[in-house]
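Same chain, two partners: subunit A is paired with subunit B first, then with subunit C.
Let's turn to the complex of A and B:
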């Protein structure tokens, strides 16, 4: 598992996060470690730093982790979660500037072939270059 | 090491054409070879890097066209044979998978 870059999915919605992860598993397979989080503990919409940190831990690979997010808070909380990681990990975690579902599938496809983190991020962001 | 170019073609019969899931499978398979591997909807291209999931998916090659495959490198012949085999097996999908695109 740790031979490939890991993927973390962070959505405001638990259902979107779970559904996105399901698409990655079904379309790409299980060669990449994958974790997702979304929603607040009360069942509403939201993201929180603790859940994102746990997801990063769960998907961690020595080759790094690519995070796919949906809207505003998902990105800022992901960046905060990265800052709270051990220093040696921080440079090996990136937030991709890509749509969450498509980006996750593209990133996982690239990661499944053993590509380095930079290639995984570039592939996710290549979809809608902006 | 001799560099040889190998090419072939196969009829794309998958109901959805080269859509999302078939594209992922094709790309993943292409990545297992060292050779440069390209696919295209005609003998003259346009050629698409078969290892690029974004480019393969964006090409939207439809059902019923011949998919041309060409590869260059030490394992080019194996790569072309493997990709053609995948398309011939309809991407190893069941009819139900194919119907849902």
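Let's turn to the complex of A and C:
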């Protein structure tokens, strides 16, 4: 599993995160490690650092992890979660500037072929022109 | 100094009044923060901040047992973990940086320097700057007031009011574009509340 870049999906909604992960699994298969989280610490809509950190741990690969997010707070919380990782991991985790569903599928497709983290990120980010 | 912020020791009771005062102030205004956020955001700022500061109160004894810098770092970490939404990392970064920069017995100069560093860290975290209708628009005038040796509460309230005519370019409110004009920024208001509560406690100590 850890031969490929891992994918983490962070949505404000647990349902969106779960559904996105389900699409990735069905379209891309099991060759990438995949984790998802959604919802704030009280169980409402939102994101929280603790569950993002757990998702990064669960999807961790020596080749790195690409995170796909939906709205602003998901990005801010993901960046915070990255900073709280062990130093040697931090440079191998990126937040992709891409739409969450399409980005997750594209990133996972790229990752499943054994591409390095930079390629996975670039492929996802090509979805946002300019 | 007139601000009552000149170098003093922070004993356990003083740390407790400071942290408790700030937490209770935020919690007491949760509904107001939520209404402000319903106008231009997703309406969760009050609930999120309340949850975060309730968690701070739950850990109050362990926070205040620590020296001021460590207490602030622990408070910041609690906010990061419990607030949810973008305000968790933003306020967490503010308090954690203050904790990193302040000595255990800060002078007024220490506070100005540490707050400057904390504001820079919040700007980096939120990729935002002055004039974008955010908490930064309160924190920077507060820093200016403190640097000038002035009492910061009036500056904080004035600055929060001044976000009303601004157009948001960061965060959820930016989706509204020009429609964000005419509403006070919820993060600016919560920052003003925190500054006011902290200044009140520090003034009583002076």
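Throughout what follows, the second predicted complex is superposed on the first by the 127 of 130 C-alpha atoms of A that agree within 3 Å, B and C clash if a C-alpha of one lies under 4 Å from a C-alpha of the other, contacts with A are read in each partner's own complex, and residues count from 1 in each chain.
Quick note on the criterion: contacts are C-beta pairs under 8 Å (C-beta built on N, C-alpha and C of every residue); 3 or more make two chains touch, one makes a residue touch a chain.
What you see is a predicted model, and the numbers here were worked out from it, not measured in a lab.
Room for both subunit B and subunit C is found when the two structures are superposed via subunit A, with no clash between them. In the superposed model, A:77 lies in contact with subunit C only, and not with subunit B.
Using the contact criterion defined above for the overlaid structures, shared-chain residue A:105 touches subunit B, although it does not reach subunit C.
By the touch criterion stated above, A:33 is placed in contact with neither subunit B nor subunit C.
In the superposition on chain A, A:11 makes contact with neither subunit B nor subunit C. Of the two partner chains, neither subunit B nor subunit C is touched by A:20.
The three-chain arrangement built by superposing both structures on chain A places subunit B and subunit C 150° apart around the Cα centre of subunit A, to the nearest 10. Contacts of A:123 after superposition on the shared chain: subunit B is touched, whereas subunit C is not. Residue contacts after overlaying the shared chain place A:47 against subunit C, while subunit B stays out of touching range. Subunit B and subunit C never share a C-alpha pair closer than 27 Å once the two structures are laid over each other. Overlaid on A, the two complexes show subunit B and subunit C touching no common residue of subunit A.
Of all residues in subunit C, those touching subunit A in their complex are 42, 44, 47-48, 51, 80-90, 92-93, 125-126, 170-172. Those residues of subunit A lying in contact with subunit C across their complex are 40-42, 44-50, 71-73, 76-77, 79-80. Partner subunit B is touched in their complex by these residues of subunit A: 26-29, 105-106, 109-110, 112-114, 123, 126-127.
Residues of subunit B that touch subunit A in their complex: 20-21, 24, 27-28, 31-32, 51-54.
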